[in-house]
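Below you'll find the structure I mean.
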Amino acid sequence: MPHQNIQRKILRTICPDAKGLIAKITNICYKHELNIVQNNEFVDHLTGRFFMRTELEGIFNDATLLADLDGALPQGSVRELHSAGRRRIVVLVTKEAHCLGDLLMKSAYGGLDVEIAAVIGNHATLQTLVERFDIPFCLVSHEGLTREQHDQKMIEQIDQYQPDYVVLAKYMRVLTPAFVQHYPNQVINIHHSFLPAFIGARPYHQAYERGVKIIGATAHYVNDSLDEGPIIMQDVIHVDHTYSAEDMMRAGRDVEKNVLSRALYRVLAQRVFVYGNRTVIL
Amino acid sequence: MPHQNIQRKILRTICPDAKGLIAKITNICYKHELNIVQNNEFVDHLTGRFFMRTELEGIFNDATLLADLDGALPQGSVRELHSAGRRRIVVLVTKEAHCLGDLLMKSAYGGLDVEIAAVIGNHATLQTLVERFDIPFCLVSHEGLTREQHDQKMIEQIDQYQPDYVVLAKYMRVLTPAFVQHYPNQVINIHHSFLPAFIGARPYHQAYERGVKIIGATAHYVNDSLDEGPIIMQDVIHVDHTYSAEDMMRAGRDVEKNVLSRALYRVLAQRVFVYGNRTVIL
Amino acid sequence: MPHQNIQRKILRTICPDAKGLIAKITNICYKHELNIVQNNEFVDHLTGRFFMRTELEGIFNDATLLADLDGALPQGSVRELHSAGRRRIVVLVTKEAHCLGDLLMKSAYGGLDVEIAAVIGNHATLQTLVERFDIPFCLVSHEGLTREQHDQKMIEQIDQYQPDYVVLAKYMRVLTPAFVQHYPNQVINIHHSFLPAFIGARPYHQAYERGVKIIGATAHYVNDSLDEGPIIMQDVIHVDHTYSAEDMMRAGRDVEKNVLSRALYRVLAQRVFVYGNRTVIL
Amino acid sequence: MPHQNIQRKILRTICPDAKGLIAKITNICYKHELNIVQNNEFVDHLTGRFFMRTELEGIFNDATLLADLDGALPQGSVRELHSAGRRRIVVLVTKEAHCLGDLLMKSAYGGLDVEIAAVIGNHATLQTLVERFDIPFCLVSHEGLTREQHDQKMIEQIDQYQPDYVVLAKYMRVLTPAFVQHYPNQVINIHHSFLPAFIGARPYHQAYERGVKIIGATAHYVNDSLDEGPIIMQDVIHVDHTYSAEDMMRAGRDVEKNVLSRALYRVLAQRVFVYGNRTVIL
């Protein structure tokens, strides 16, 4: 019988590994009479780092809970308390529709617990599609602008919507460091290759040239280096000699949209932890 | 430099296996000065049956080409000459949007060379989605009708559009033999399980109960027996103990839509041959 | 700097879910000055059951540790403390070599931390292979024996070796309930199909008949019902119309041996929990 | 009713594409009263190259058959006539047992129609394993030799056995151009990564560092450039943050041996055609 003040929240802890961490954190939750719906943790023994995701249910007093945790955790700890539930994203696009279409469908008809606040394109190609789903489309053309100027205009548009994440759904421009730093660990990209193979432009043509028998896609956080951020999810499909570069591109689109959507599902559920150039998914 | 009368057509041959069949057929094409763009054949040695798909380019005289083939092929042969290019389908739905959405996206933005002439639902749930893509939606409710009456009304609606294929995109009703026989080898269904496991209703719940570690989907032609027609394509994903039946259902939706779309791609390209309860895909 | 009394052990807990379980168990470990190398837990909210696998390192006082746990855990709890390290198995075979060969290779050259104490066959076909690896082979022919008599002779042979697990590596006979009950949750089988499809004999021929586009294999615990025990692991490969039943069988063998070996790897690491007809793998 | 002179042979044709090629080749086979058991062809329209594999059964007059073909095919054609059946290989190894073990098992117990004439190692580590299968093991140590001298000694050993192919089953040395040119399109390697990612040494450690979520293996022909020859087959498995580099290595071994064995299966069946840096598999 859910009481009106009963909430579900997600506690995320990253800290240096130490004896008794699980006991300390779960004791505090127990003391606060919070029920642990789901708990997952991981210790990276190579770097001595502890990760824990705790899904809690009960009546929260955020301030005292966090203060109690701060008293118990070692120095250098990061702990975040997120409410569960729907997140808000802004999607950046260029001309290709498939990843955007999948996000629009899943936002509207189920599959991703997400509100698409707006779609921003540097071309107008996808405006009609977006408006079919009653979502605002903003054209921010890069014509006549430096990369820095364009990214600054994008930031201004995006920030109006205060999104939790910025999703690059085949946005085909390289972002400036200023843009990336403005959204730390908040920008998610789908790269149309199995990274780190075929970094850079026209990966399907590179794949065709190399005669590979598998093509793939990679969803990753964007950091300063192009195509080099922490990988969240990857998947592949088998191809053969009958595939032209165009056939690879067509077949690859399904992989791209699936990988992006599955990665986003885990990000939205607060399951993905970034450290260094790696992710832990709990 | 394409001449205005140059066309591309697909010749499909099924006949009893015999010595020299490839030579005979390709000789006739050669004599007609048709270029073989792509040729694939298969002999089922168990049943002594020969299958060939020949993609031809040139100036066609259909009547003499087919007459020449009839003169050369053994008795009991079937040969069909199809023009290459866009096909037309009618899609049947109930309430679930994911397969339909993928077809709408691919028809409108690339990925399937298909015109969706209309979508017919036995519920009105998906009307808005269909109309967003400027495609006619027809509600043919089953309320108060026998199965036979309802299917008869569906047939009347479908036949107005003269589709090449009828695609069941999560249409959750069993079809009558009369319906199936009205569209021989033209009705394609996506079944939400890895057939022949979990035939029947609520396959994800069955899968959960059984504790499987993999779930899948099956695209198949519909014949008289429920869930028993010739399989075109199947795919799976791995699941684990953390998946509830609902999680399986959500994850399974992506597999369903991918499998349906990949199966349809091959059907539209005239690559799928049905014989008995099996398919040959050339 | 490892002290000579420092050991690694695995604590496995299954109990009714309750508030504070993780805190209670990890507190006790902390009090015993045991380091948690790795901890994984899962709550099945449907049945209200809590599962936890805790890999501990330190100086163990087993008796007081277990007594402390018994004092803290709710009624109906099961907790087991296993030493980490090499396990011992007996392998049952009939005539097919591939799964056995993979186990022999991995036991001798790495990949599975397991000692194969003996191989028992109801045919002598594989005797040479086993002896090549300097492992005892026992022939226990079923000729002239009832199923009960034969299984009784098998039990006598097996029990001499006191194995942790009995692995059926393509042992092609149905076991009696008496045999299965003699080794509760200790008998692991590889079934040459994607269960629950194609239960019973000649699954590859069944798969061929049905015209499936995917074949698979299933590793599972054996319980009373044939082919019906809790599933540990499954995998599949794609096939097409060019595969005869024999081709499926040949291709399937690699899947079978991979799935058996991967399942066994997790069982040996004490990661697999059985409850009802399901497994939780932590 | 097989006549004693009835044989099965495989005709492989590579030539510039032209109208009527299939007709011409199959006509000649028909004229020779050879039955086409299986025929596969492919045209690479980008380079205008035609590939055909024709499995024939009948009474062969090789000289006149080839002469007839030479009269009909365009200039620059390559046609080869191979007897069907068991091939002979020499396997090169260093210290790792898993790929070798799989080849030994499949050669002895079914799965690959191949005779392992000898195994040559630059270390003695695997001598016992090879001798368990009654196959000669030759140690050709590289100690104190230049790369050229060592490869020359290897060639001398290998050539004694006149193998059809040389299989590198985790042979961890770079081969000299002289070695590679001595066995054109006859040297097959398994590379422990998903090429072209992680070229070079310690690919699993590179993969771990990059934080990938998938690891793979690649079977390819060896040409002059290290890790750069035509790819025959690739496969992957999913990994996650819990995998250390060593875990990736262990899990990767199963992929390596499966990919090598599946690639070799197609090579032995004369299904793999090399052109430029690509393969066509018919």
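Assorted remarks:
Here the chain labels run A, B, C and D in written order, and each chain numbers its own residues starting at 1.
Just so we're on the same page, a residue touches a chain if its C-beta (ideal position, glycine included) is under 8 Å from a C-beta of that chain, and two chains touch if they have at least 3 such contacts.
What you are looking at is a predicted structure, and each value in this text was computed from that prediction instead of being measured.
Between the interfaces A-C and A-D, more contacting C-beta pairs are found at A-D. Subunit A and subunit C have CA centres that are 37 Å apart.
Distance between chain centres (mean CA atoms), subunit A to subunit D: 41 Å. Within subunit D, contacts with two or more other chains are made by no residue at all. Taken as a contact graph, the chains are fully connected, with every chain touching every other chain.
Subunit B meets subunit A in the complex at residues 97-98, 101-102, 105, 108-111, 129, 132-133, 250, 253-254, 258, 261-262.
Against subunit C, in their complex, subunit B makes its touches with residues 42, 44, 46, 194-198, 209-214, 216, 230-236, 240-242, 244, 277-281. Interface residues of subunit C facing subunit A in the complex, by the touch rule stated above, are 19-20, 22-23, 26-27, 29-30, 33, 35-41, 43, 45, 238.
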